[in-house]
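Notes for the one structure printed next.
For clarity, chains are labelled A, B, C, D, E and F in written order, and residue numbers in each chain start from 1.
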């Protein structure tokens, strides 16, 4: 019955990678807390780099600096 | 003053259906808890089927199996 | 498969009232979008009045003014 | 280490305005709570007006009335 | 830089188990998407069983039935 | 109409400090985006240090190391 929300920047994660995240985090909840996978929900949000900030700056700007 | 977030898979919910969700959940909070509808916020997130997992699989795959 | 999060101020909602919210919003998703209730999750957060702001003020202060 | 999520309606906020939100809220957490900006995350969600309700109505309808 | 939120019912997860969730999901993001663990945030919410619904019922009631 | 959620570790933020966060972030949305403060909601979550992870470790452990 757990609910997991994963937020990452939108930088081209593939369907296969997102599948691995869903699989991996569901398995983690089964292993650690014996949760029922059938009702475990995982939602991945891919966030525009203009809309994600860290250290007070949008990721868009941080990527340019590198 | 309540805040409600509804997450559903992106599978063609119409503006009319989303309107009914907003209306219905706002009314529910008025009826059950006597909340003020004027400051009740409802946010609906429509999530890509690749980004939503249940039972350890992305919905995209589950839909194919059916 | 929907996920619903309802945030309200912590002001004594009873178990019965919270049950009605869970029931009502699940039913709403069945009626409007034909969702499967078995995998519909609802999470209610009751938030301290010091931690909830509207109009720039904590609810604690707004309640005193009334 | 704080995490801040700002949800606004999708009505043309510019990259510059979003940058100001990220900067401003990060600075606020530094000033008020002496938080470390380097690990302060800010995520801005811009929500379709059909998907945002207030007072029981989608914002799309409210904007038309005005 | 990812942000992960894990919601589980409050049923006695230990500090050690929560540590394993934090460790496991951070590692998953490193493995699958090569994310930087140093700025990966994980927040676990433990939700009262009265406040968590599935299938239209609070978990409190479902646990009694079993 | 914006909704802001601020998550911080539970380490003794005072009612006065939380008031300043509410005031400050509401003002920021007025200044930057000309939002209506009357319907701007702010919710602050104070999260147990066992339940907050960064760099793959619970904050409880990180605080001990320092």
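Operating definition for what follows: a contact is a pair of C-beta atoms (placed from the backbone, for glycine too) under 8 Å apart; a residue touches a chain by one contact, two chains touch by 3 or more.
Please read these numbers as outputs of a predicted model, since none were measured by experiment.
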{"item": "Starting at chain B, fewest touch steps before arriving at chain F", "value": "1"}
{"item": "Labels of chains that are neighbours to chain D and to chain F", "value": "B, E"}
{"item": "Same vs different contact residues, chain A with chain E, by half of numbers used", "value": "same"}
{"item": "E-F or A-C - the one linked by more C-beta pairs in contact", "value": "E-F"}
{"item": "Superposing rotation of chain A relative to chain F, computed on C-alpha atoms, to nearest 5°", "value": "180"}
{"item": "Chain whose Cα centroid lies at the greatest distance from that of chain C", "value": "A"}
{"item": "Most distant chain from chain D by Cα centroid", "value": "E"}
{"item": "Chain D and chain E, separation of their C-alpha mean positions in angstrom", "value": "25"}
{"item": "Intercentroid distance (Cα basis), chain D paired with chain C, Å", "value": "21"}
{"item": "Chain A, residues touching no fewer than two other chains", "value": "1, 3, 7, 21, 38-39, 41, 43, 52, 54"}
{"item": "Each pair of chains that touches, named by its two labels", "value": "A-B, A-C, A-D, A-E, B-C, B-D, B-F, C-E, C-F, D-E, D-F, E-F"}
{"item": "List of chain B residues in touch with chain D within their complex", "value": "15, 18-19, 21-23, 26-27, 37-46"}
{"item": "Residue ranges of chain F in contact with chain B within the complex", "value": "1, 3, 38-39, 41, 43"}
{"item": "Residue ranges of chain E touching chain A (in the complex, touch as defined)", "value": "1-9, 13, 17, 20-21, 24-25, 28-29, 31-33, 35, 39, 52, 54, 59"}
{"item": "Residues of chain A defined as touching chain D within the complex", "value": "7, 47, 50-58, 60-61"}
